[in-house]
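For reference, the structure discussed in these notes is given below.
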């Protein structure tokens, strides 16, 4: 087991290094600049609206950056290696295919974790800077100052990050799953995005499937069943929207969604490993 | 002693997809490579050489038949521990340096720590990529340098068997000579070398035994000297004969019933001529 | 073979995950909207929201803010149809943000309605009032949808009560809305008294008196001054006097 883990770690470290040397982190600079620019927008609105805008901007930038890095990175993990034939020199080693796959995925999610962590710290710093700015201009009244502080130092920020990261892990593993079957990166991206879209409606399909009576055709039932069984329920991550809307979300609910994400990652990686095992290279 | 590689009725079909049938790449191949020999897989492009190698490595699953490496089933970890592989036209992660590439492959082979570091330095020196060259990114390497880096990667775990798929394609004559010298050196160290090539004159220099493939089938197999020696003919090369003495010899041959098949000054091989033409330090 | 094994694994996992998903969704609904049953939102709306959520990804909030800005600009130009469409789209993108529902209903039931009544294109005052009424009802309908989307907060129930009081003159409905708002933990304290005021305004002083007496009783012997017991007692005294006076007038 320890040897397995060493090999997986070697592949993961190599994947992470590749991303770093391809200057993936330079996107963080753009992120920081976008946030800084956005921090002074909406200045003529109330402080609640200003913070809402800034938080929406921050969450959007983090989600989009994470989605791009996760999706594009995962989609070309296997096809690009096969196309360049670098996979041959790796898999001719005493390295199991599932170890290679796990290492590649681990490298990618480590990259996502580090990037989101950095973006989270930058976001937090900008919120604190905005807090200082607003207290200076509007914080004469103690209650207003307190309200500004509460907006800026919202601990739910980290809850939202955890959920965004968990969602990205699932999207990435979906892309890895499709990439073990496909030869084209475009196909992988298209399939992953399609499942991502359908996943936001999976709960609707599931409710319709479980509650539909005989008035629904068999074909429709089969389709609804397939969606319910095979597609992740991305509406579970709507807790992020609750946090963005300023509503309280219990950490228990968050951790349960994280556990669900972890279980999904495990299952999809196992399925991907099985598919990859049978693939000719 | 178990053979280095044993293939029994190895067959590989590739589906064309969309119900268009299958293409037969390798057709019931039997093969045995003894330990410590240099074995050549010959054949034109598309004869199945790379497919056979990949089945031995476990990168492809045989449709029928089986292969073994040092007694282990091909494709298992134990089998792959015995092999170092350099593919045809190898591509390596361009963002890595030469040293990092060898280190990465060493880690994948289960090596680590100071042993691996020492091995990396040793191999870089062996393939003449030490110093600054080993610290450059692979994307800045020439074709020959990539080939040498790949060789070092294949040798990092000191495997019993080294498989080289078209190792001299795209390499200049000096580099090609180097690779053949390296193959001889590996043989002297008791390693088994299996290499494929469609450049027959290069195989002739180093291989002990060869198999000739054509469209997935074995045409011939055997020791080179047995296959190539033309019994019943005798070849001699002399120096210092004048034209009168040459005519005397031709007459003597005819009188004794021998047929002179060819005569004239021997031709040097172009590769040898080319290398002789280079300055000493360029010849390596 | 490997493909079959992978598919089997996904199907087995699929059947295991469904009860887990159902339980999590129920718990999330319970924690956020206060009830765990199926969403009251219609299927078409669910599909629309789902697609909006998926297609815009993390940009929903920004898109909704941009629409809010657009509505603000349209308000300044008195383009009420644009105000309505921009804010309705914002509520589709972020249905759980009470601010959008509040803003939308305010623009429709107050600003657009007043503008239609005073400055509308119709020459007939009656027609202008009818037009204004339509805007008020549009604001009311929007708020009612908002209370279903954000049922755990008191704000929209309170705003609905204000709308019934100030724009529709339906004080009974206003009282009912304030009562509903008071069932939420974030309701402002002064709403307690607003229920009584609304009942009085609805022409039911007995019900108002009954309510204020009950309210005073609930405050106990040492009431929290923030609940303004003196105001409640003053209302009780006033209503008692008014009811007595009314009885005296009606006595033959």
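By written order: A, B and C. Residues from 1 in each chain.
Here, a contact is a pair of C-beta atoms (placed from the backbone, for glycine too) under 8 Å apart; a residue touches a chain by one contact, two chains touch by 3 or more.
No experiment lies behind these values; they were computed from the predicted model shown.
Q: Suppose you hop from chain B to any chain it touches, then on again the same way; how many hops at least until you reach chain C?
A: Step count on the best path from chain B to chain C: 2.
Q: Name the two chains that are joined by the greatest number of C-beta pairs in contact.
A: Counting C-beta pairs in contact per chain pair, the top pair is A-C.
Q: Please indicate the chain closest to the centre of the assembly, with centres calculated from CA atoms only.
A: Per-chain C-alpha centroids compared to the overall one single out A.
Q: Where the centre means the average of the CA atoms, what chain is farthest from chain C?
A: The most distant chain relative to chain C turns out to be B.
Q: Measuring centre to centre with CA averages, how many angstrom lie between chain B and chain C?
A: Chain centroid spacing, chain B to chain C, equals 80 Å.
Q: Can you check how far apart chain A and chain C are, centre to centre, with Cα atoms defining each centre and the answer in Å?
A: 34
Q: Which integer distance in Å separates the CA centroid of chain A from that of chain B?
A: Taking the average C-alpha coordinate of chain A and of chain B, the gap between them is 47 Å.
Q: Tell me, which residues of chain B touch at least two other chains?
A: Where chain B is concerned, no single residue meets two or more other chains.
Q: Residues of chain A that contact two or more other chains, please.
A: 278
Q: Which residues, counting only chain A, touch chain B once they are in their complex?
A: 3, 6-7, 10-11, 14, 17-18, 21-22, 84-86, 88-96, 278, 280-281
Q: Taking the touch rule as given, give the residues of chain B at its contact with chain A in the complex, in rising order.
A: Those in contact with chain A are residues 14, 54, 57-61, 77-78, 80-81, 83, 85-87, 89-93, 95-96, 104-105, 107-110, 112, 150, 153, 157.
Q: Enumerate the contact residues on chain C facing chain A in the complex.
A: 1-3, 5-7, 9-11, 13-15, 17-18, 20-22, 24-25, 27-28, 31-32, 38, 43, 46-47, 50-51, 53-55, 57-62, 64-65, 68, 94, 96-99, 152
Q: Touching chain C in the complex: which residues of chain A?
A: Touch list, chain A to chain C: 42, 48-49, 52-53, 55-57, 59-64, 67, 164, 196-197, 199-201, 203-204, 206-208, 228-230, 233-236, 238-239, 241-242, 244-247, 249-250, 253, 256-257, 260, 263-264, 267, 270-272, 274-275, 277-278.
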